[in-house]
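One chain, subunit A, links the two complexes that follow: it is found with subunit B in the first and with subunit C in the second.
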Partner chain A sequence: MSAAGYSLLAVTAVVVATLAVGAYGWRFSRTTSDFFVASRTVRPGLNASAIGGEYLSAASFLGVAGLVLAFGTEMLWYPVGWTAGYLVLLVLVAAPLRRSGAYTLPDFAESRLESRGVRRLSALLVVAIGWLYLMPQFQGAGLALAATTGTGAWLGGVLVATVVLVNVLFGGMRSITFVQAFQYWLKLTALLFPLLFMVTIWLGDGAVSPASTGTTPGDSWESPLAGAGDHRLYTTYSIIVATFLGTMGLPHVVVRFYTNPDGAAARRTTLFVLALLGLFYLLPPVYGGLGRLYAPDLIASGDTESVVLELPARMLAGTLGDLLSALTTAGAFAAFLSTSSGLTVAVAGVISQDVLGRRLGGVRAFQAGAVVAVLVPLGLALLAEGVGVAQAVGLAFAFAASTFCPLLVLGIWWRRLTDAGAIAGMLVGGGCAGGAVLATLLGAAPAGWPGALLAQPAAWTVPLAFLTMVGISLATPRRVPRHAARTMVRLHTPEAVQLDRGVLPR
Partner chain B sequence: MPDTPPRRVRVTSPRTGAARVQQVPAAREIDAQTALGEVYMSSLLRSQLRLALLALATLVVVVGGIPLLFWLAPELSAVQVLAVPLPWLLLAFAVYPFLFAIGWLYVRAAERNERAFTDVLDRS
Partner chain C sequence: MLRGALRWLRPGHLGTEAEQATFRTLHSASLTAPELREGLTSGSAGRAIRHLRDLLGVPAVALTDTVTTLAWDGRFGHHEQDAAALAAVVVESGGTVVLDRRSFACSDPGCGLRQVVISPLVVEDRVVGTLQAFTSSASAALVRAVTEVARWVSGNLELAELDASRTRLMEAEVRALRAQISPHFIYNSLTAIASFVRTDPVRARELLLEFADFTRYSFSKHGEYTTLAEELRSIERYLVLEKARFGDRLQVTLRVAQEVLPVAVPFLCLQPLVENAVRHGLERKPGTGTVTIIAADQAGECLISVEDDGIGEDPDKVRRALAGDVSVDSVGLGNVDARLRTAFGDDYGLVVETAPGAGTKVIVRVPKFAPGVRP
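Our next item is the complex of A and B:
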């Protein structure tokens, strides 16, 4: 059998396994609560695997190794930031967010600030960030399938979209939880197993350091500072701000916290996730480093994102190499499927509650929302080509850090936040971050410092959003929500204490 | 009829319940949003916020200090530990156990704060 045949077989196996594991969850999905939050009964171990499975997207599975191969050590800030983002989430947001009792981010915004306006703006932002993140997943699926099996670039995206839709339509969150937990371990195995063989070969070849093969003199492959020229320090810190603070604002990350039984469980789950992410992110950089030794031509051809898919076949001759490459292809598909499923559930939840909720009820609205949530970004992915996976995902992080991060942090810890302040802060932060990255993508950015500020905007848009939120809130003290004190009791007190926690959202 | 008056007897009471003032549980103070309830709530909030900021400060100083360190001393990039460049060693391996350790200590301390709060409310 040919290499393409093995890859096709592996992808088929992942798709079938995903549907089978999902079908196991379908049997339990009956109520609206099952569909949205798996009835809030998921234990920390299973939930953490599911969060890990959902979070590790194509950008983590393929993108990190490719970036490390092309640019070197500085790109390690992305996996570090994506993990540290969970630590920031743990200490600032995890338990209070679970205790808020809300289904989605707009629910949280409305119940904390007692305003429909904040709710509508949050819903808009959730859908925008979700689509921004879904589009590169579908594109990545197309590229990966085309690279390994030679099919058309559209097929991978359509395949992923279809499988996700089937699982979400029939099983909702309950079903997705099983699927994603399974996919975390699949992804870990798919990277770890080939790596064992490859590292053995590398050790046999004398364990040459990847940094020693500098192609050009003055090559800064081992430097941990990003970019070039005067603004290296700025660019590095801007990536750090976007990833550390952006994680908490991603809709598919936040929606997961509502599936924990209580606040303390939410914290333990997050700690578990930190361990699982740390374990996983040890692996992709090694592919990048080995790729520099064994597949340097990928740098020249600009095809660095396929290093994870191709390296096993290049380092190991014959059927074994082909089989291991098929395994990493399977892992990549697990990455596309799990992240897309999580995003679809999050976006569908918001669409069904805020757009369709009044006409359709419960599960029906959720299913209609899921169809819209998948078809729009699939269309965008098929139309717009050439926006890189890592670039679009980076934009989503900067955007989330400039909008939902201030809303969540100030909403949870500062009782004088007002609805006017929240709206102003999200508009200013989102407007600046969105505008800056659009300018970069369209090629309208100038060179030098202004260009650096626009390419990585988080370091200035996030503080700006915080300052606007605080400033406008202080200027509108009469708009402090009437039940702010009661809401703070709900967010921060342990569930064991009998207290009046006000009215839970829905 | 004997005229002797009955002996005086001292009547005592353990005075356990009698002297006790009607006590309002702390939980009711919080529910009624009295000044005392506010004190309970703000002490919980402040202890949790202080803990969170301590964890974040550790993260910012240690992990956030890495770019500054290598910017100020670029020659450190060339240092190799067991054939692995130092920046690579820090960012690809060492940072993850460190992040987990901060998280683990944080979860323990946060649960301790909540237990203290629950105990105060139960004792009153």
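Our next item is the complex of A and C:
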């Protein structure tokens, strides 16, 4: 069988396994003799695997290795930031968010600020972030399938979109948590297993440092901020701000916290997530480093993102190499599928609840929402020129950090936040970050400082959004929600504490 | 269309002066109504009083209950302290009175409040407070206006009372539902347990503990909402006890998606449905009966269904039970339906699929988040 054949087989296997594990999770049915199902709330470990499965997208699986291969150690800030985002989430947001009882971000906005207006704006932003995040997933799928099987670049995107849509439309009864947890371990295995072989070969070859083979003299691969390109320091800080603060604003991450039984479990889950992501993100940079030694032509051709897919076949001759390449391809598709499914469900939920809910019934509205949630970004992916998976996802993070991070942090920790302040802050942050994202995606960004500011907007849009939110809130003290103090008590008191939490605002 | 545009251009298209005055009055009234619907508290009075002063067009207005001042709006705030004493006069007399400067002593020569019109606020023939309009000189028209506004405020307060009593009724029904853990069930459970005492003392002990836990949950002083996990745990205990009684005749299948266990549901909203299913699925029918309880995860919602393969029910009877007819033999179906609607809105009522001889399936939809609903 050819290499392409193995890859196709692996992709098919991933799709089938995804469906099968879902069916297995659903088998948790019991008769009275041995049930007590209710005590089986989702354990933090399982939930953390599921979050990891949903969170590790194509940007992590393919993009990081590609960036490290092309631009060197400076790019390690991406995986560091994507992990550290959960540290910020753990410290500032996880437990209070769970205690708020919110399922989506608009739910949180409504219950904290007691305003329908904030809810509607949050819903719009969730949809925008979801689309911005889905688009590169579809693009990445197209690139991956094209690289391994030689099909057209559009086919992979359409394939993933179709599978996700079928999955979401007809899979409402399956156990999502098991599927997503399985995807995390699949992705980890798909990177780790080939790496064991490749590192052995590398050691056998004398363990040459990747930094020692410069394609150009005076290469700055190993030393950060030394390379070509302007304003590297600003760009790096901006990436740090976006990734550290953007995680909490991702719709598919937030909905998973609802599964935790209480605030303490939410914290424990986040801690597990940190460990799992830390483990996973050790691997892609190694691919990048090895790629520099064994596949340097990819840098010249610009196909750096396919290094994870091609490297095993290049380093290991014969069937074994083909099989391992097929394994990484399968992992990549697991990444596309799980992230896209999670995002589609989250976005479709918001669309059906806040846009279609009144006109269509519950399930019908959700299905219509899912179609819209998938088709729009697929269309964008087919139309837009590839920006680079990691960069596009980075923009989604910047957008989330400029809108939902201020809302969540101030909403949880500052009782004087008002609905007017929240709306103004999200409009300013979202408007600036969104404008910058559009300018970058359309390739209209100018050169020099303005170009750097637009390419990585988070470093100035996030503080701007915070300032606006605080300023307008202070200017409108009469609009502080009527039950703000009571809501704060609920958010911050552990569930175990016996306390009169009062009647809730309606 | 052109004629329409011309009509808009013609002067006075927004109504005559008198009509506009009426509109303004109605607007002020419509702003006040929702505040007053919360009942007479210092919070609601404080928000409503500005609009009341707009309505009356006097320098100062006060709202009191029978003993204290709840809110004051307008100039010459030093008279706010007098309002409580003035209220006492009206609470005694029960009708509108006009009092002058002598009843609220003032040392400020520049003070423009010389007379006060006080009208009682009456709810169900009981004076609950007063509306006081302070002015320089009370005309007959003002007396009339204050009386009418006070009557209108009273009407809104009566509506508030109605809301409150509706809530109280719902709470009473929950309490009744708790008490409805039927004597039959208690008797049957204890008999079943007794039958094990000699043959299988260990099992008898376990069952007794289940029984204790079950009753503790059902009678517990609990808030309005609980989690689906808690509710299912109680149902599991209930089913263990019923299985002790029916043995293999009762088959139970539970399929629960773990993701929906933290969802908030009204307290004791599933228990009556399961009890109905066991009764209809088994009691009036030979052979085994199966009860299937499913809780599925559907994005922002949780779908719960309770199904039995029993004798079924006449759809008309179910419709009557849902409409609140208590003579129908279905434990708390109407109550559960009403509480789900109050908690989550009218889109979230019970759906019952049944026909004689075809079993019964009750479907509950619960949103994962609804404002004000938390365990």
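Note that in this section the second predicted complex is superposed on the first by the 464 of 506 C-alpha atoms of A that agree within 3 Å, B and C clash if a C-alpha of one lies under 4 Å from a C-alpha of the other, contacts with A are read in each partner's own complex, and residues count from 1 in each chain.
Just so it is clear, a contact is a pair of C-beta atoms (placed from the backbone, for glycine too) under 8 Å apart; a residue touches a chain by one contact, two chains touch by 3 or more.
In this text, all values refer to a predicted model and were calculated from it rather than measured experimentally.
Peer 1: On the A-aligned overlay, A:Val345 touches which partner chain: subunit B = first, subunit C = second, or both, or neither?
Peer 2: second
Peer 1: Classify the contacts of A:Leu290 with the two partner chains as first (subunit B alone), second (subunit C alone), both, or neither.
Peer 2: Neither subunit B nor subunit C is touched by A:Leu290.
Peer 1: Quick check on the superposed pair: does A:Val497 touch subunit B, subunit C, both, or neither? Answer first, second, both or neither.
Peer 2: first
Peer 1: A:Val163 contacts which: subunit B (first), subunit C (second), both, neither?
Peer 2: neither
Peer 1: On the A-aligned overlay, A:Ile176 touches which partner chain: subunit B = first, subunit C = second, or both, or neither?
Peer 2: The second partner, subunit C, only.
Peer 1: Per the contact definition in the header, classify A:Thr83: touching subunit B only (first), subunit C only (second), both, or neither.
Peer 2: Only subunit B; A:Thr83 stays clear of subunit C.
Peer 1: Who does A:Gly101 touch here: subunit B (first), subunit C (second), both, or neither?
Peer 2: Only subunit C; A:Gly101 stays clear of subunit B.
Peer 1: With both structures superposed, pick whichever of subunit B and subunit C touches the larger number of subunit A residues.
Peer 2: B
Peer 1: Determine where on subunit A the residues touched by subunit B overlap those touched by subunit C, and list them.
Peer 2: none
Peer 1: Can you list the subunit C residues touching subunit A in their complex?
Peer 2: Per the touch definition, subunit C meets subunit A at residues 227-230, 232-233, 236, 239-240, 243, 250-259, 261-262, 264, 296-301, 347, 365, 368-369, 371-374.
Peer 1: Per the contact definition, I'd like the list of subunit B residues that touch subunit A in the complex.
Peer 2: Residue list for subunit B touching subunit A: 27, 30-31, 33, 38, 41, 44-45, 48-49, 51-52, 55-56, 59, 63-64, 66-68, 70-71, 74, 77-78, 80, 83-85, 87-88, 90-93, 95-97, 99-100, 102-104, 106-107, 110-111, 114, 117-118, 121.
Peer 1: Note which residues of subunit A are touching subunit C in the complex, please.
Peer 2: Residues 26, 28-32, 35-42, 101-104, 107, 110-111, 114, 172-173, 175-177, 258-261, 345, 348-349, 352-353, 362-363, 366, 490, 504-506 of subunit A touch subunit C in their complex.
Peer 1: Can you check the complex and tell me which residues of subunit A touch subunit B?
Peer 2: 73, 76-77, 80, 83-84, 86-88, 90-92, 95, 207, 209, 211, 220, 222-225, 232-233, 236-237, 240, 244, 264, 267-268, 270-271, 274-275, 277-279, 281-282, 285-286, 289, 413, 485-486, 488-489, 492-494, 496-500
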